[in-house]
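Questions regarding the structure given below will be posed in turn.
Residue numbering begins at 1 within each chain, and the chains themselves are lettered A, B, C and D in the order written.
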Amino acid sequence: MIRRRHHPLATESTRRLEAFTDGVFAIAATLLVLDLTSHALGEVGSDSAMWSALGGMWPLFLNFVLSFGLLCLLWMIHVEQFEHIARVDAVVLWLNNARLLFIVLVPFATGLMTEYSDWLAGRLAMPVVFFFAIFTSWLQYLWVLRHRDVMLPDLSDEEARLSGRSSLSALVIAALVVVAAPFIGSFAFLLFFLDAPFTRLLRGRTRVGPA
Amino acid sequence: MIRRRHHPLATESTRRLEAFTDGVFAIAATLLVLDLTSHALGEVGSDSAMWSALGGMWPLFLNFVLSFGLLCLLWMIHVEQFEHIARVDAVVLWLNNARLLFIVLVPFATGLMTEYSDWLAGRLAMPVVFFFAIFTSWLQYLWVLRHRDVMLPDLSDEEARLSGRSSLSALVIAALVVVAAPFIGSFAFLLFFLDAPFTRLLRGRTRVGPA
Amino acid sequence: MIRRRHHPLATESTRRLEAFTDGVFAIAATLLVLDLTSHALGEVGSDSAMWSALGGMWPLFLNFVLSFGLLCLLWMIHVEQFEHIARVDAVVLWLNNARLLFIVLVPFATGLMTEYSDWLAGRLAMPVVFFFAIFTSWLQYLWVLRHRDVMLPDLSDEEARLSGRSSLSALVIAALVVVAAPFIGSFAFLLFFLDAPFTRLLRGRTRVGPA
Amino acid sequence: MIRRRHHPLATESTRRLEAFTDGVFAIAATLLVLDLTSHALGEVGSDSAMWSALGGMWPLFLNFVLSFGLLCLLWMIHVEQFEHIARVDAVVLWLNNARLLFIVLVPFATGLMTEYSDWLAGRLAMPVVFFFAIFTSWLQYLWVLRHRDVMLPDLSDEEARLSGRSSLSALVIAALVVVAAPFIGSFAFLLFFLDAPFTRLLRGRTRVGPA
């Protein structure tokens, strides 16, 4: 809240863009459970049969946790970027919509990943969706940085340079995941979890947090 | 936020109307993915069969992107209108509810458009739903303009005239889409994407953005 | 916003109670469309067959509009009540949760109303759910009025008397709907639409709006 | 709102963490109704057959109410904790994501509880999910307390000691529920409803409310 006071021109639309975004992320994350609930365990005749039926769902659980974690990562990137954005224009709004389109596709890509992991398209579905989510977020942030006198008024030139560089790092990692996924499958996503420390390293200090 | 300070009488209900609206838009947009996830690709025996099964889903992807984009457009029109609205009355709330009713119908109309595009009703479903979404938003804005001394206190007469005119332009385009859709199908929606520049042209300047 | 400034003790929890409530209402209202999308129109061989298949869905459309309208009415009652509430305690939170439980049941009651309108239980489902939604909102408001020195600090004794009375009027109408529904079916809900003017009449002036 | 003024360093991310959290809770709670709507009552030939078909759904209704109530309880614990949290860092965000992962699993656990209550896994599903939701919330609060000079600036040492103790009490009760569930089934959850008074007892005074 206090930060907003530093931006006397913050518009209503920034607040609503955030509300719409938080809503889409929350729903996409929660819809992931439908994959689990719609999985029929069938007739079960004993406790041990029940445990093994649940155990047989492990790829669904793994993909659920993976997709949930990646959605959270993308959401945190959004929060971090908009922490300092005071105003938005129509271009930022449309790039945000494009970004959300790929968020909405996550439950679909998760389904493909679970059911068709034997095929290339199944292994690529999630990495490609994530790459485009990161790509549109990078385009959006580039645009904001270009207009940072209006949109990011309290960002110094040094900070702008650093945050632009860390934004690029996420994009590079996302591209590497797409390249690696056909060979190592979902393990390629482990590269994504390197993004946060890598970003922090590149920028030299933490953004989100008690600063 | 700062703009609100210009409206010392802004009520709680404006904030909650926006929260309810953002929620409905976010859910309607995210539910569109259920059309994709519920589409069974069937048994797949090779990588090439998988690619062609996915390729065969192109009308679903196209309609998904189209409906998502139109929802985003309608949401942005809502954001732009309420950027300056300081207070609402029961009439504005009910017209907003009517507006949201057509937003909620978008996933249903998308389904009709995908499955029954051979028939007139399938081609008209989405244009008609969008026409009514625009029509109710136009009625709502007319009402707000009529009470603009209370509801839009910081809008000049010139601005009121311009925004009323641009609101009408969206309505005219929506009507043209309904007329054109039986002949050219979903291509009629391309007219919708002319709304933003057309509106900007009519009004002479951008509303959302760094002004 | 300005009203909050009159309540220097407004807690965070009031804001979050409202966010949670708006979310539940938005999702319940949007889930109503699933009744429409899951309805299979079957094979259609001509434009006229398509129109008659859609026309045969009229009870679904009617119930959709009815349930959506009633959810909006209940939401507006919530907005109006919390417009002036500055603080909440655990009792208010739990009564709000009970209130939301009946909101969440609306899509279920809508389904019963559509499929089993031949039977008493089908005709009573929605009126009973709405009665309890109104009943819990009435209990909640009674509690708030009892602690109005803390929770409603800017409400005069006269206003408290009037709003308590109008709150009771909604409860009485909801009870009448339950009594009338077995005989006249969904038409009983027309009584609900009398609530707003009736309330206004009882209280002598409008609450929501430019006052 | 007023409390935030006591925290001049409150960040945007606290507000968005709360918005994302409220969204996930609202959707998880509303999705519980899908268990009811997807339950087919089958052909019904008389009013009495209708009543007995509905009556036969009592375990679904009971589990619906139970899961809804437990979600509300977990939500209220979140609201209470964040009432005083002024800032968050990346660790708090990730622990919140972990917490939400178990919230999203509630509709899945509810389904298991309903369909497989004859087996140990069915009886344990919900207690285990709730235990981990409480466990991650306890970890998160421990972290916040450890950094309370920055994150909880207006909490006295005495208050910190008390709230830490009450947080532990919830964890202990959740563990007891897991232990008791195999023997007494869903009745073990009655222990959860003791959490609020037990917490209040331990801390000596109420947190949420007119204080």
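Please note the rule applied: contacts are C-beta pairs under 8 Å (C-beta built on N, C-alpha and C of every residue); 3 or more make two chains touch, one makes a residue touch a chain.
All figures in this text were calculated on a predicted structure; none of them were measured in a lab.
The angle of the rotation carrying subunit A onto subunit B, fitted on C-alpha atoms and rounded to the nearest 5, is 90°. Farthest chain from subunit C, judged by C-alpha centroids: A.
Rounded to a whole number, the gap between the C-alpha centres of subunit A and subunit D is 25 angstrom. Computed centre separation for the pair subunit B/subunit D is 35 angstrom, with centres defined by C-alpha atoms. Shown for subunit C are the residues that touch two or more other chains, namely 4, 19, 23, 26-27, 34. The part of subunit A that touches subunit B in the complex is made up of residues 4, 8-13, 15-17, 19-20, 23-24, 26-28, 31, 34, 87-90, 93-94, 97, 100-101, 104-105, 107-108, 111, 115-116, 119-122, 147, 150-151.
Of all residues in subunit A, those touching subunit D in their complex are 1-4, 18-19, 22-23, 25-27, 29-30, 32-34, 36-37, 41, 44, 46-47, 50-51, 54, 65, 68-69, 72, 75-76, 79-80, 82-83, 196, 206, 208-210.
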